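Take a look at the structures listed below.
Below are two complexes that have chain A in common, paired first with chain B and then with chain C.
Let's look at the complex of A and B:
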């Protein structure tokens, strides 16, 4: 599963790169517009270790932000799963808040909290949280009638049991949602770093953009893609392990 | 067939032939004489958002300087993610504005770009500081100061060059990463903050002076650092294939900048800028106009748009010393001096 994710990413990246190079040579563009393969390899050799460190820094923030979002999404999702007034309010609030573009809110966050770790974390969590919440609410609000019916009839149904049943029955869906939210957390962190942080791969991309250096940006994209593929693959494996442990 | 038709309808054919030739002659005459018909469409990509730094470009468009040259020019604003030189190569623009370092960087990567005019004779980039907090009489006074720089942008290179000139090592100062807002400067986290003297400098200056603060600016040029800012670029191909078009464009553009810099109808000039920059008050725009004029024409003998070759050579040398380029590009060969008197 992990290997499949990696080679799928490599295929997509190489196809994208091949298209770029094809455009470069067909339209006869200079290395300033699209770098040649030689320049790209040279840049990769020169900055890959620095960028690997930057991506790792970004990934750490993204993981913490994602964990925070998952926990919060489950707490709010459990509260919002019922078709009560509170449940409906939580769903409406999640839909509305999700509509605000984070890039518009990010500068306010940076002014209030500075450009350190907390701002990056908060923005990553915000980008990741709302889609996650909507999925979790959707999954936990769906009754598993054939299983729950027995516990309801015997009067043994408690909210903890209800959540467990619904989570277990939807574990593949939840795993997919959590693995998918990793992309959002990573994207959120990169956006935060791009806007105003002073560390991470988003910050490095901003510098490369100022220098009009597309080769650095392409190397950064490669590092982000490969790291994200490994992380998502690891999450999927973790999901399977949890399921098999739960089944036993 | 024609001969046969002519023999059948001689009068009609003759009249038709006369009518067609007259129509063609009239059409050609109108095409040449009427600028509204003879206009050529050009796209001009600016370096940054449209504000007072682009006043001459705006005036050239809105006060008919390009139209007089038979050109309809579309102004496109720039930004961090937009690059005029890339647009030239991709055919999205015919002319553009780029800073000296962008041009040199592009030449080093094989871009067929040429410089046809230099808008700012003096680089607007300076560092603002509170006079009551620090005192800077010479570059050595930068020692132990926290200096804001935008890593990756030309202010980083300029500051590093100033540090080399001062004899200070980078360990003797603290370089602080600049972001969108000025809070770290206002809070005193950074002692010096990079600003464009004609836009941000005026804005911040007014705010701080209104609050009773006393500020000053560190000007790299007064310490011998010449680093070329906004210049007009086009592609080698356009220059070779249509030199007259380039000539007309520059003529219109220089007329626009001359009106902006020397014109007495400042109300109209500010109104033109306000079409694009609605967030800046009129008072500030007048102050920004004064500052911009000093950058475009710093002395009576300096021609507007003149390409300052020694400044370009120094910019290249600075970039080489800072390893922004890996070999000399001989930028002088890409400077086309013939378009500006």
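Let's look at the complex of A and C:
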């Protein structure tokens, strides 16, 4: 699973790179616009360790933001799973807020909180939170009647048991949603860093953009992609481990 | 103990079809009783009304003399995170532990307790589901096709054992097996649909308590009555 994700990323990255190089040679563009393979490899050798550190910094923020989002999504999902007025309110609010581009709020966060760690974390969490919430509410609000019937009939049903049944029955779906939200958390952090932060790979991409250095941007994209593939693969493996541990 | 339904009218929302129109029937006294009828006549819907999962549009379900009414059906699943033995252990009240051991033997499930629900055959799944209801404290148990996919011999053995162990309880057995219903049930309410004058007809069953009690000609007579009523 992990290797498959890495293969898939490498294939897509290499195809993209090949198309870019093809355009360069067909249209006869200079190395300044699209760097040659040699320049790219040279840049990779020069900055890969710096960028690896930057990507790691971004990933850490993304992971913390994602964990925060997952916890909050479960709390709100548990409250919103019922067909009460509160449940309906939470669902409607989640649908509506989710439709709003959260990135547009980023400048406000930077103005209020500055360009440090907290701003990056908050934007990352906000970007991955709402899609996560919608999925979690959807999963936890859907009764598994064939399992829950007995507990309801015998008066044993408690909210903890209800959440346990619904989570267990939808574990593959939850794992996919959480793995998918990792991309959003990473994207959120990079966007935050790109806008105004003072660290992370988004910040490095911004500097590379100011220098018009496409080779650095391509190296950054490679580092981001490979790191995210490993992280998502690890999340999927963790999901499988949780399921098998639960089933034993 | 009795379960009395008077003038029940019910139709699912969003459909124009009325499932019951002024339907009345009464199950009296503990024992093994049955609801019988062709597919789609509303047996499971009626069971859901009796246990409060559905609300009738009109009419009264009198369960005042009943403390606990449970409804078991054959589409249920046990949670997959533990073995069926651990699950049964957890949901069995302490005072019913002996009963549980006995039922496990009668139901032929002793060798399967270490398995997960998903590892069982359909018949085993249905048996374990019925068993977990039997170890609860109940006055009335509605058993909806809970012995489907179980072979005839084992079904007979299970029914006889249930009748022997739970003499003071009222069972409402829902099944499409006419021979079984005619053989083991006392009161058999045959549902006939809202278009008929009398929507439910009562047939007296053979109420056998062991496999030897069956008299072939009276069994055939009862089966004929059920089929004519349906």
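Here is the rule we use: the second predicted complex is superposed on the first by the 248 of 248 C-alpha atoms of A that agree within 3 Å, B and C clash if a C-alpha of one lies under 4 Å from a C-alpha of the other, contacts with A are read in each partner's own complex, and residues count from 1 in each chain.
As a working rule, a residue touches a chain if its C-beta (ideal position, glycine included) is under 8 Å from a C-beta of that chain, and two chains touch if they have at least 3 such contacts.
Since this is a predicted model, take the numbers as computed values, not measurements.
J.: For A:154, is the partner it touches chain B (first), chain C (second), both, or none of the two (neither)?
T.: Only chain C is touched by A:154; chain B is not.
J.: Kindly classify A:130 by the partners it touches after superposition: chain B alone (first), chain C alone (second), both, or neither?
T.: After superposing on A, A:130 lies clear of both chain B and chain C.
J.: Taking the superposition as given, does A:165 touch the first partner, chain B, the second, chain C, both, or neither?
T.: second
J.: Return the chain, chain B or chain C, that is in touch with more residues of chain A.
T.: Of chain B and chain C, the partner in contact with more residues of chain A is B.
J.: A:115 contacts which: chain B (first), chain C (second), both, neither?
T.: In the superposition, A:115 touches chain B alone.
J.: Check whether A:207 is in contact with chain B, with chain C, with both or with neither, and answer first, second, both or neither.
T.: first
J.: By the touch definition at the top of the document, which applies to A:247: first (chain B), second (chain C), both, or neither?
T.: Second partner only, chain C.
J.: Once the shared chain is lined up, is A:74 touching chain B (first), chain C (second), both, or neither of them?
T.: Once the two structures are laid over each other on A, A:74 reaches no partner at all.
J.: Take the contacts of chain A with chain B and those with chain C, and give the residues found in both.
T.: Touching chain B and chain C on chain A: no residues.
J.: Provide the residue numbers of chain A that touch chain C in the complex, in ascending order.
T.: Those in contact with chain C are residues 146-147, 149-150, 153-154, 156, 164-165, 168-169, 246-247.
J.: Help me check something: in the complex, which residues belonging to chain C touch chain A?
T.: 51, 70-73, 75-81, 91, 116, 129, 132-133, 136
J.: Note which residues of chain B are touching chain A in the complex, please.
T.: 80-81, 83, 85-86, 89-90, 102, 105-106, 109-112, 150-153, 177, 179-181, 183, 324
J.: Enumerate the contact residues on chain A facing chain B in the complex.
T.: 27, 29-33, 35, 39, 107, 110-111, 115, 195-196, 198, 206-212
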